[in-house]
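Consider the two complexes below, in which chain A is the common component and chain B and chain C are the respective partners.
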Partner chain A sequence: MAKAVSALDGASHDGYVRVEEAGLQGMITLRGDLSLDAVRAAATTASGTEMPGTREIRAAEDRALAWMSPDELLLMLPYEEAPETVQQLQDALAGTHHLAVNVSDARAMFRLSGGPPVREVAAKLCPVDLAPGRFEPGEFRRTRLAQVAAAIWMPDAQSLQVICFRSVAGYVHDLLCDAAAPGGEVGYLV
Partner chain B sequence: MSTRLAKGGRRLDRSRKIEFTFNGKRLAGHAGDTLASALLANDQVMVGRSFKYHRPRGIVASGAEEPNALVGLGEGPRFEPNQRTTTTELFDGLTCVSQNHWPSLEFDVGALNDSLARFFPAGFYYKTFLFPRPFWKHVYEPVIRQSAGLGKAPKDLDPDRYEHFHAYVDVLVVGGGLAGLQAARAAGQAGARVLVLEQTPHWGGRAPVDGGTVDGKPVEDFIADTLSELEAMDNVTLRARTMGAAVYDHGYALGYERVADHAPGAEGPRHRLWRIRAGRIVTATGAIERPLSFAGNDLPGVMLASAVRDYVVDYGVSAGDRTVVVTNNDDAYRTAITLKQAGLEVPLILDARAGGGGPLAEAARGMGIRVENGKGIAKVKGRKRVEGVAICAQAGEGAVLEEVACDAVAMSGGWSPVVHLWSHCGGKLTWDTGQALFRPDPERAPTGADGAGFVLAAGAANGALDLAGGLADADAAGKAAAKQAGHAPGRKAAPKAETEEAAPIEPVWLMPQGAGPALRMKAWLDYQNDVKVSDVQLAAREGYTSVEHTKRYTTLGMATDQGKLSNINGLATLAGALGEEIPNVGTTTFRPPYTPISMASIAGDARGRTFQPIRRTPMHDRHEANGAYWEPVGHWRRPYCYLRDGESVEDALTREINQTRASLGLLDASTLGKIIVKGPDAGRFMDMMYTNMMSTLKPGRCRYGLMCSENGFLMDDGVVARLDEDTFLCHTTSGGADRVHGHMEEWLQTEWWDWQVYTANLTEQYAQVGVVGPKSRETLQKLTDDDISAEALTFMGWTEIDLRGIPARVFRIAFAGELSFELAVPANQGRALWDMLMEAGAEFNVMPYGTEAMHVMRAEKGFIMIGDETDGTVIPQDLNLHWAISKKKDDYIGKRAQARSHMTSPDRWRLVGLETLDGSVLPDGIYAVGEGTNANGQRNMIGRVTSTYHSPTLGRGIAMGLVKHGPERMGEVLEFGKTDGTFVKARIVEPVFYDKDGEKQNG
Partner chain C sequence: MLQLECPNCGVTAEETEFAQGGEAHLTRRGPEASEQEFHDYLFAKENPRGVHFERWRHVNGCGKWFHVARCTATLEIFGTYSAQTLEPPREIRDRISKKRPGWSWREFA
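Let's turn to the complex of A and B:
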């Protein structure tokens, strides 16, 4: 496992918001009937969090559980632990129709930091109401970022995270850096 | 002459001088000037030539409606044509050039057209250049295009940055004049999220120019108070230099922010396009003054009365020393009074109304200005600028009563509310006879998703032209918008302005009303496209009764200003000529954007390196370092081949193929789609998705599968591996992964929602590498202790192995027809795997090969390629793939369609191999010709080439094609027609050219 390298190997860029690729991040897609106790229990046991509601994310230490669709969750955890956790989920859900797969390598993750302006940098690229009070930590949105699919959430009021597919990490990095370039401050969502 | 006055100019900072050039001439203005005001301050009255007749033209207006004063702005990569000087803020170092003249603005050869104007009436081009027909395209049009047109297109790449911004509000207020600010306050006080857009850098609009008092305060103070109140409200955002450009369905609107037009080259984006979703939209867009149609109304120095006033009050600039005012309403008297107060001469006010004006007229008379009622302008004197006016009775035919010397004319034909944004999404208008204007009909507003109107007009834009009425209207609109967006408006009463008495307007569509042909053909309606009263009347005589047809025939309102000044006058003229009422003729359609916006702002970030997403595999950098010659495959970039120093593409292909067939090659196959299908019903589902029987596939085994659309056509293919009893891994084509995944989900979600199946697109989870060639097993065995022998891992089998710590799935599949292994490892370890394979294969001279070598090798084996052998009209049976279509299954997607009579016809073109008799390579897509001709006199076609390559292995051209009765015609020679008229002969052969028995794939 020592040779694993994330899409941009942690590249970072300082604009009026700091943009950094978050490096290796474990992610597991869990599909199942989210109304079943077995599925909820397996998911929350793996994440160590509560079950997220619709369009929400719940985080605890180095893990998080996000609502992706009416029958899909995304479990985030340390990269090295993903294969083993997939196995644990499969064992826990033996006999229950589900799909648990490791998608850690299929994705890239970016972290925007630098305070409230992270909102407007995302609002340049995503058709989402990112105003305070309308989009807050704890919410999770699957959306588009310019021309590609993405998911966004705010771990706290000062930062925002983006997940996209690995192959377009370079494109997303360039977009975020351009959007965060000095002089582009909008001053709207603050 | 026009000049800078010693005093005045509320927008100016006279302490800051700003230098600029016009046609190379160095001029100076002040901070706060527009380019137009600065040109006028330098007595640059003439600023361009007209489109068709090349007549001298000057500044007419002071805002976005300006038709004439367009310049080419900037230099080199920042040059931009057709920029309105009236909306261009002056900045240091600004350079601009006037347009549409040769060799110079002062002396222009094209002005000859003007003397020939009587020969260039409406529809001139259509009529004159009709015959002979082919001449239009090849002779007339190129010549006319050369001599027409306004500005020049920029030649260099735009160096600036542009971006979008998504905003969500309860109430969007368009327009930051008095009405917009009051509407915003009313909505803001109700607690609504409010965004106010103002196209200029200034708030308050024209109210301070016209004066008046609100709540006992001068209107200017009232604006300042309102502004500071709005700025203190957290739920209200004010955005200057941002035009409300467009209104679309369901409250979607565009704002066009000119972030840095006034500071070129500044850090940051030049324009920002606001993509706004609003609950309600308040259009407080004001009104535009109408010109009057009299002979010579286009001479430089003839301006809108409001613009003359704006230039004095806002910029301390006089349009002339002696200004004659001509009007049909009271408002223009304000201009006369303003000029007089500034110490300028107003020799005469011509009021076309026989009864004259109200209190303002009295005030003007009281200042000693001569006022003539019932009079108008017969014609304006002068060639390149106004020298005087000839006066006549408005009721007459233009007999000159008197000539008065002057150097400027201020005209007012009344006001038209700016209804554009109201109308963009279908809002209808009503004709207000009393005020002689079209205004929004609140009963017929554009409707949103809830069926209710989502646009509210406010103030002058709603036809409430006076201060008191406009404020009350705007307050009501703001409150209503907030309420409709779910907020409770406050009970605070609207601010009260003093009401002013005014005599009613009398519509004047031609001056004098009985003007003869000579005057009518010098009375301009549309300045920018050179359309005159006589042109519209001619169109009416020729049978054009629809305003939309007349517009296109005469080009009225079709210029870059979209007829902001000319539309109402034009349609009133048409109505007059047709003997119709104005509302029966109606308006043309208002389309977004309100004024032209930059193409680059629409593109936003989609330019340069972020023009489109480029998908990169985990080994992308390695390929780049290895000389990859890239090919786009969907959004992916794949190496077409790897070029070494001095190599041609053909050389590289030959080298890569020969090396792979002889020893060892590597292919980055990461782009292949990889979709997981899992669940108790996965087998049943797979049997429906693929033509083959997939449910019988054993875990650990692979099967090549075909996927068809409902209509039976082959849409994708790939190797399916069964991972366990419940789980399949479907490989798709590189470009097909998302489509196939969507296809699967659609069937699962809409038809078979009760089947227990989940899918996941894992395309990007794995880096996939084809290790191909006789030395592949030997190389791979060096990297693993697991058994990958022919016995342990048979052809079309897969297993999991450990490659020096990297967990891998290895598939024994052979697309190139050689012994080969396809490895799938976690994408983050793809680069490490690639490096390992390159190192381990070094002793066999390992080389990566690209997509083209892959194509050639599969063609040598007769394997089909989706997109080459298929084009959406081909069924698997056409490709002799009957073996991959299960006969045991009740159904699969496409089965029923494939039973249709046309699909089972023996006459369908079917796959064969083709070998040219001379060994040459057949051109791609070339057709085989048969006997006879079709109904169009073309040779009958009996087949076409779908794949064609030079095979280095065989040393000759090989091809595959679809041929009528092809497989039954083995050995026959066909003729293929080349584009140069010659033919090339090729023999029908089996499509498998290489290793027909398939022994190589076993090593």
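Let's turn to the complex of A and C:
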């Protein structure tokens, strides 16, 4: 079988914050009625976290569970564990209306690190108030990043992560590197 | 620039995060309709100066559809509400009546 590679194979760039493609990242889309105990139990068993509230993300060790829409969750986990976990979700939800799909190879993930300025690098590209107190770790925000759909969240106060479609990974990488270019500091969101 | 609140995910964002989806509360005309009815369904749209109702989709967000009641003259948003309804909720209509007494839009007032 061909060796799996992520969209940009871990490309990184040091600007006034560091921009790094996160490499292979397992992602499973789970759709269903999120008010059902069966769906919530299957999702949280797979993630090892609590159920995220609206527009929230809950993380534990190498897994995370994010609220995508009123009927959709995104489970993040190690790349190689995705196929087996999809099977477990499907088994757990047999007879319950749902959809569990391994979308790992359809997405790309970026990590911005280097402290509070990660906020303004993202804020240059997204129409979202990323000021401290308005956007905090634990929130998960789907929005647009310049001209493409993206989801952003802060694993901690020093870093920010971005998910986009794989087909626009190059575009998103270039945008983020440009926004993080030395000399482009705004110094407003700190 | 419009500021819209998506009733599906609770986000308030500017309009570039959304996509406009045409006039709200259309009666869909099918094979049994007369030619005039089908023509009007396709082409005879409201284009008011003032109170207007539209469908919008949170395309760069939760992906869901919803309704918007707004004023085309001032860009004021009277409210957003569920896509799963055939008419503007009473609460939204009352709110519009307070601000635009005597308004009407198609069969609603």
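Here is the rule we use: the second predicted complex is superposed on the first by the 188 of 190 C-alpha atoms of A that agree within 3 Å, B and C clash if a C-alpha of one lies under 4 Å from a C-alpha of the other, contacts with A are read in each partner's own complex, and residues count from 1 in each chain.
Please note the rule applied: a contact is a pair of C-beta atoms (placed from the backbone, for glycine too) under 8 Å apart; a residue touches a chain by one contact, two chains touch by 3 or more.
In this text, all values refer to a predicted model and were calculated from it rather than measured experimentally.
By the touch criterion stated above, A:127 is placed in contact with chain B and with chain C alike. A count of residues in chain A touched by chain B and by chain C gives the higher number to B. Of the two partner chains, chain B is the only one touched by A:107; chain C is not.
Of the two partner chains, neither chain B nor chain C is touched by A:10.
With both structures placed on the common chain, the touch criterion links A:188 to chain B but leaves chain C unconnected. Look at A:116: by the touch rule set out above, it reaches neither chain B nor chain C. Using the contact criterion defined above for the overlaid structures, shared-chain residue A:68 touches chain C, although it does not reach chain B. In the superposed pair of complexes, A:144 makes contact with chain C only, with no contact to chain B. When the two complexes are superposed on chain A, the residues of chain A that touch both chain B and chain C are 127-128. Chain A makes touch with chain C in their complex at residues 54-55, 68-70, 72, 127-128, 141-144, 149-150. Those residues of chain B lying in contact with chain A across their complex are 161, 163-168, 193, 237, 266-269, 272, 275, 277, 604-606, 609-610, 612-618, 635-636, 676, 678-680, 756, 758-760, 762-766, 805-807, 826-829, 831-832. Only residues 1-7, 24, 29, 31-32, 71, 83, 97-99, 101-107, 120, 123-131, 134, 146-148, 165-171, 174-175, 178-179, 181-186, 188 of chain A touch chain B when the two sit together in their complex. Taken together, the chain C residues at the contact with chain A in this complex read 8-11, 13-14, 16-17, 59-64.
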